[in-house]
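The structures come next, written out as structure tokens.
Next come two complexes, and both contain chain A; in the first it sits with chain B, in the second with chain C.
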Partner chain A sequence: MDTITYFKDRFEKLQEQQLDSRLKSLRDGAFSAFEQTGIPTVKHEEWKYTRISDFFSKDYHFTTDLQEQQFRATELQPFLLPGHENANIIVFVNGHYHAEHSVLRSEELEIISLEAAAHNQYAGIVETHLGHSADYHKDGINALNTAFIQEGVFIHIQKGKTVNHPVYIYNVTDARSGNIFAQPRALVHVGENAQVEILETFATIGADESFTNQVFEIAVEENAVLSLYKIQNDAANSTIVSTTHVHQVGKSVANVVTISLSGGLVRNNLNMVMSAPYCEANLSGLYLQSGHTHVDNHTVVDNRQPNCLSNELYKGIMNGHATGVFNGKIFVRQIAQKTNAYQTNKNILLSGNATVNTKPQLEIFADDVKCSHGCTVGRLDEEALFYLKARGISEATARSLLLHGFALDVLEKIGSEDVRQYVNKLVTASLNLG
Partner chain B sequence: MNMETDQLVHNNTAAESDVIENHVNSEYKYGFVTDIEMESAPKGLDENTIRFISAKKNEPEWMLEWRLKAFAQWQKMKPPHWANLTYPDIDFQDIIYYAAPKQKIKPNSLDEVDPELIKTFEKLGISLDEQKRLTGVAVDAVIDSVSIGTSFKEQLAELGIIFCSISEAIQEHPELVRQYLASVVPVTDNFYAALNSAVFSDGSFCYIPKGVRCPMELSTYFRINAENTGQFERTLIVAEEGSYVSYLEGCTAPMRDENQLHAAIVEIVAMDHAEVKYSTVQNWYPGDKEGKGGIYNFVTKRGICKGVHSKISWTQVETGSSITWKYPSVILQGDHSTGEFYSVAVTNNFQQADTGTKMLHIGKNTKSRIVSKGISAGQSQNSYRGLVRVGKNAANARNFSQCDSLLLGDKCGAHTFPYIEVKNNTGVVEHEATTSKIGEDQIFYCNQRGIDTEKAVALIINGFAKEVMNQLPMEFAVEAQKLLAISLEGSVG
Partner chain C sequence: MLSIKDLRAGIEEREILKGINLDIKPGEVHAIMGPNGSGKSTLASVLAGKQDYEVTGGSVTFEGKDLLELAPEERAGEGIFLSFQYPVEIPGLSTTNFMKTAVNEIRKYRGQDELDAVSFLKKMKEKMALVEIDQSMLSRSLNEGFSGGEKKRNEIFQMAMLEPKLAILDETDSGLDIDAIRIVANGVNKLRTPENGILVITHYQRLLDYIVPDFVHVLYNGRIVKSGTKELAYELEERGYDFIKSELA
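For the complex of A and B:
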């Protein structure tokens, strides 16, 4: 059975099992969208530089109960992030939320399944925000996730509360017995005047292939502050398509930092939708790749209301046979006057076999705006290298110093001290600093 | 005090929008029709149309074969839809593919050309009359499907320069045409390139022999006159080793309610140490204020820097056409070759432009520079779309791109789609873009120095486009500046 037929078969079974589900019609719509558009190929403008269609000729499966039982809490140990003793922990295994491995430390926080949320007092929020990202992704891969929403989570942050313990989300794929196709799904609702810090990471166990197709939707209400740090340091047998959709419903601040250090193929879709005046969004990213990895960062900043501000900074260092892709879109709608939107993308190529494809894109329909983008692709500054070497610093150290300095701009955007130091260590290690 | 300042500020803003309003309301002045007896092919396109065109031009058998092959290819292709443009599908059977002013005999010199035609070009400010040799520009004038005359031919021939219409070149220099035609833009390149290859009727051919520096600007002037026709011209420029030529192109069309199609191809070949400078002022009829009528301009322009240290430079001022789809490109094959692209694209009312360039770095130590300035007014949409590709072996490639957009009014759009693909780690590629409107502080600064708002806006627009205007040859720069004024500035001088 090929993968697409397999999806179809599983979808029909799922819909039969859950006849009274509130999410049934959403799934139905998504699956027909998936059937219509299919898996995006390189002919799809948004997937021009990233080929995922080949993966679907492989034999992937959704998880079986057997594989889930195999997973023990101790196996999470190597992937634990600093400060986990003090954090709220949410664990997804093969795309399913695992309550027994998760820890809830803050009472301002509520974590329930999406299905449950669709039936209780949060039904309105779920209805408004679940699947909102579909408007921005006219491709089958996003729809595929929605078609199989069942054990996703709904995370609610009470209004007026600051969550003192950060939220750590582990997306674990257990590929010890067979190729796994995992589809984690979460909807986060940050209430009025609330504040939360979320840290997310991906981990693959086992040597078989893992494909993670994640959709993470976040609604941010009036005066709320969201900080989201994504750390991608997965194994070479992993493929990640991670869609993060931040919908700023009220005047709010959202900071998102994406750090991609390794993995087989990584594709990040990050959307910032500013639906209220005076929103602020800060997007930053660092992709530091070697070997044969492929990393693709697609960002969208959609200015739908006036007086919003966005800052975007993405930096890439490509070594070995790695390929880096950046596509940053800024939309300014006609009513979104007085928008300030800035975007920068800088890349360094370290090897003759590495590739960078970048496409910073502005689509502007309002006149009273300040929008700019800049992007560069180049090598290390020879004069800076000479300067350091002239002062007795070896070439290798000088290079890693300069590269580290290049990456620092992005690292500094990480608000949490613990996380920043942790990421800094990872970056230092991959730059071979002494 | 506050009241007064507020009032003043208010007045100023009002004055500013009035000025911009005036800019937006100017008229197209080349919209007349020349009443002249025409000879044309029946509407529609099939093999017979191509045979008809080929027979009219008295073409050799190989040319007809070549056209028919292109036609077969075209039938297999679909029109591209990836550009940021919206327009109804074009009915390719509803177009006249060949129209020519009726002339009893082939003119041997300009004296024998129908005076009505000469008058048409004079009305457009184009002199075919050799009395005006002081201007020092050799002109090839193309009306609808045929070239009606080329000036300064003898003087150029003395230097070995061939400058004639492409149909003449097919007759007289078949070996050159066969060698270079479609060598830069292959027939299969895109839908409109295939269409043009099948039905092109005229255009200019220019050959600069080794070591010759062309002493004057060469110029082609295109004019669509007949109704329901499409114009499909083809230009081929070959610059041999160490030669130099500066080439100008201008275009206009009458005002009509229906849309007319223009699908041209320009090919440039530059050998070792050769330099070609190609400048365009495109002023096809842009349609009226409601967006009715206007020219659909689908053009493929590409040059190849074949030899070492060669240089191709494209400069364009795009003010006309209701739809512009145009990406003058340079293939930088020779080591140390240079490609340049300077563009001012102005859109007004309901015009849509999707224009930009491609710089393909293949050779070593190649350089390219892109400067694109977009000005949008009314309800128009103006897009820059560009590609900079540094191949795996293109060591030490260097590119700098800058695209700035100026928005006049809150109903227009400015878009940027730059593609940058780098596969070599010794290359340096930079791109920057900005979008903004004319700042209130800029206007205020001028007002403060006694420059009224009207003049200030004109000043700022001219300053915005200056970097590109400076690249135009002098004769053209004046015309282009005027054109910019007409397209946008209305009463503003």
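For the complex of A and C:
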């Protein structure tokens, strides 16, 4: 059975089960988009260096088939992030939202299923924002997630409220009995003048192959502040396609930091859509890879209104046979005068077998803008290494000090002290190259 | 303490040092002067163990050890310090962290315990005063955005922290105004003891007004062609390097 037939069969069953769903027509549209485009191959311009199609030649269990979940709360233990005990917790297992493992601590926050939100007072928000990322991803993998939306999560942050406890999202894949294809889905609505900090991570249990195709859409209203930290430190048998689509509906601030430390294959799509004047977006990323891992960061900053500011800083340290991709698109629409958009991507290759493909893409249609971009791919600075060694510092320590120093300005973008220290520890550990 | 015999070294088949002989005893300050391209900085780099240079002959012993057999970090552990002509900018590493690591790695090399935080801070404060450096500079990324004078002061601060037996100052005066030279030289002078040696490498005599050498050597075309006392430096300043060249001709 080919991929499309395989999914079509499951899709039809899902639609039959949920005849009353308000999400039905959204799913229908998405599935026909999937049928037309399919799983993107390396022939697709946006997927030139990242090959995910191989996974679909294998016999994947599909999440809707798994009625019985073996997953128990204690199994989350090894993956807990610092500050867990004070956080609002959202757990997805194999793409399904698990209410019983989730914890709500903040009354400023509401967490319900997308299906429920589509039928209650949030119906308007859901209709406006759910699926908005499809405008930016003309490929089957994004459509495939939307086609199978059923137990996604809707997170609402009340206007005027600062959520005192951060929101931790665990995307768990349980691959203990068969290959897993998981499709977590969430829509977050950050109300006017609200503030929220979200931390998410990915974890695979078991030795079979896991593929997570996540779509996470966030609408940020006037004067709201969103901080999102994405930590990817998953197992070698995992593949992650993580699409984060931030729509700045009103003048707002969005900070997103993506840390990719390990995992078999990681593809991050991060979109910052600035639909109001004077929006600010900060996008930072650090990827630190070794072995045969692959990490791909595709970012889009879409300046749709004047006077927006975006700062983008991505850094990579690649060892072994690791491969990396950075693709940074900046659109400045004709109306978006006085745009300030800055982009930097710097890479250090520690091994002759590691590679990075980096590509800035600026499409500017306004004439009064400040845009800059720069990318470098190089080796560890020998002069600097000698300088440290001449002060009595061993080769290994000198290397890790230099690499840590290189990564530091990205780590400093993490606003939460707890998280920053945690990530710093992970980074330091993986930089102890011996 | 340092004995250089017929040292030959070069880079990519080009011989730069063509047989250097030099002895430094504890408590002595030696100056090496010479025109551009004579091999001054090469000598400093070879002594510190920079890999770019290949030693093709001769020997260097430091307190009885074959220095050329040691890695740069081991040389530092033995007590050799090179003040760089062009200190490298290191983003994301503060001088404080740098020095904490360096001091403790050297202590480890010598079989000593790590310095505790209190002792380290005390030592930092003491040495900061020596080179008129303030805390804010030490918290910044090492040398990043520092002026020429700040970089050289930071080098001397590092020297003070590491308390080397032999300090090699490679063109420490280059690019500095007279006030900065005075601060740097004062720092160096305060670190002079009867036990340690200093090798000052410079193009100009003016630094030697502040760091007064016991011996002055003229390096020309990869060899020490003339040695004398501090008066030789004045003579060079007055007559230029041409008189050496004509003497040799």
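Everything below uses one rule, namely that the second predicted complex is superposed on the first by the 423 of 434 C-alpha atoms of A that agree within 3 Å, B and C clash if a C-alpha of one lies under 4 Å from a C-alpha of the other, contacts with A are read in each partner's own complex, and residues count from 1 in each chain.
Keep this in mind: contacts are C-beta pairs under 8 Å (C-beta built on N, C-alpha and C of every residue); 3 or more make two chains touch, one makes a residue touch a chain.
In this text, all values refer to a predicted model and were calculated from it rather than measured experimentally.
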First, second, both or neither for A:361, with chain B first and chain C second:
first
Which partner does A:392 contact after superposing on A: first (chain B), second (chain C), both, neither?
second
For A:384, using the defined touch cut-off, is the partner it touches chain B, chain C, both, or neither? Pick first, second, both or neither.
second
Who does A:196 touch here: chain B (first), chain C (second), both, or neither?
neither
Between chain B and chain C, whom does A:406 touch in the aligned arrangement: first, second, both, or neither?
second
Specify the partner with more touching residues on chain A, choosing between chain B and chain C.
B
Residues on chain A lying within both footprints (that of chain B and that of chain C)
none
So in the complex, the part of chain B that touches chain A is made up of which residues?
82, 390, 392, 405, 407-437
Counting only contacts in the complex, chain A reaches chain B at residues 45, 334, 337, 347, 349-352, 354-379
Give every residue of chain C touching chain A within the complex, in rising order.
48-51, 71-73, 75-77, 81-82, 84, 87-88, 90-93, 97-98, 101-102, 105-106, 109, 141, 158, 162
So in the complex, which bits of chain A are touching chain C?
381-384, 386-395, 397-398, 401-402, 404-409
